[in-house]
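What follows is a short report on a single structure.
Chains: A, B, C and D, in written order; residue numbering restarts at 1 for each.
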């Protein structure tokens, strides 16, 4: 297995650059009475989209320019369950930027207390799904956070 | 980060014990025209549930006995996209069984060709979410595949 | 077919009592490039939950008191598609309150322009799914909006 | 409200032309311990897709020819809940075919017992979402079931 994931998601909110709040939905609960583990991936995605908007590069604009950020890898560590109607703070940090891929680390907390950590690895593809170079602003926006 | 995941998902279908077929849904596609990456987690779950049924321990029975298999970690490596209306073969293999956790490795193929690999780590919790020992049949059913 | 739905969802935002804003997610798009029609139901539900909180009866409290608002019927009229990253105003209005059921009408707009209308019909059930009388505050909170 | 829905979904399986079986997923349950009401829409869609394949017009082919079947309206009547790991028989019947729209009625049963009924109304749109005439095979395949 050639895992590209190299980021280590810190458990300290202060280590992250950005935070986005999401209130959990009843539709996302399961018969265990907690938020189903698959629902976390759209939470991470919503936080990414908010982060791109914050950086001045709304994902809608990125897509209109013919670029898509494909998800190459995802890993999530579920520490404590999320419940219905909780407000989750999704902390986000970029890193490991190369010509072809970048990574994002996430910390999910509720009232500051750890619930989950995650990492996603992304590449850039054109409209037909072919891998292309990352747009230059990625390196600039995430500058100083490049992998060695 | 204390990652518990230790399984390495093989790319060879022959290395897996069980296979379950799932046809992708249109509801699972996204605006890139492919299956959204979050949809893979319910695919893995459906394959797990089919595997438990195959082992003679339907998950409904497990839950009625007061046990739940909580998802502690998930990782997915997306190799090639899945499209709408494709029949995905989800190959599944158990391993790394301890007193408290077990792991499952997955290979997703379409017509035998690699699409994704994944690993999930599970613990056992009671109805109130407290960690409990795995039922004994887990070790027996997955015998010979225990971690050293 | 014994349809209980009797509310007519108005197309005028001014006819509604409450509005809740939801930004659409990329995970909710489909291969047509628009928000998948099934994603609207969690939008309606999120607006209901926000409305209950606004009324001083958070749904978490309702559930802790042993009551659940089961969905008996749903109907949605899709007028114009929703796109990725749009902010949807979900307007909500209660009506047709009886001893056993109540109804909610919805108008979905973006920048004030019509996108969809919907109606949901709800009953109250206990923890085992048995129908029970609506809590008295429902009639009071939605007072003057009862069915004749 | 200009509701186009005119079909009445019968409660008799024998009144339907086609049946498609779907096993419910754990990811589709909610904290009430039953299948969440929003999950029914992808069930109806999966049954539609299976029906189109049965008619010799797989939806992938329809889409490749530049046509999409947009959902204009949906209504669902939830009679008795669905539980985890139940095998649902989705019975399907077409009707009310006009130049621009067609309707489908659905009966959902488990072991032959009523769980839900539903109706969907569909139009045909091109790749940019503009309404176009239905392909001629729709009228032929659903012949004798046209609206007066």
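Following the convention adopted for this analysis, a residue touches a chain if its C-beta (ideal position, glycine included) is under 8 Å from a C-beta of that chain, and two chains touch if they have at least 3 such contacts.
Predicted, not measured: the structure shown is a model, and the values here were computed from it.
Q: Computing the C-alpha centre of each chain, which chain sits at the greatest distance from chain A?
A: Of all the other chains, the one whose centre lies farthest from chain A is D.
Q: Count the C-beta contact pairs for B-D and for A-D, then tell me which is higher.
A: B-D
Q: Distance-wise, how many Å sit between the C-alpha centres of chain A and chain D, to the nearest whole number?
A: A distance of 35 Å separates the two centres.
Q: If you average the Cα atoms of chain A and of chain B to get two centres, how far apart are those centres in Å?
A: 22
Q: Measuring from the mean C-alpha position of chain B to the mean C-alpha position of chain D, what distance in angstrom results?
A: Centre separation, chain B to chain D: 30 Å.
Q: Spell out, as numbers or ranges, the residues of chain A touching 2 or more other chains.
A: In chain A, the residues touching two or more other chains are 26-27, 31, 34, 38, 41-42, 45, 63, 84.
Q: Report the residues of chain C in contact with chain B in the complex, numbered from low to high.
A: 26-27, 29-31, 33-34, 36, 38, 84
Q: Help me check something: in the complex, which residues belonging to chain C touch chain D?
A: Chain C residues touching chain D: 1-3, 5, 8-9, 31-32, 34, 37-38, 41-42, 45, 63, 68, 70-78, 81, 117, 129.
Q: Which part of chain C faces chain A closely enough to touch in the complex?
A: 23, 25-28, 41-42, 45-46, 49, 58-60, 63, 84-85
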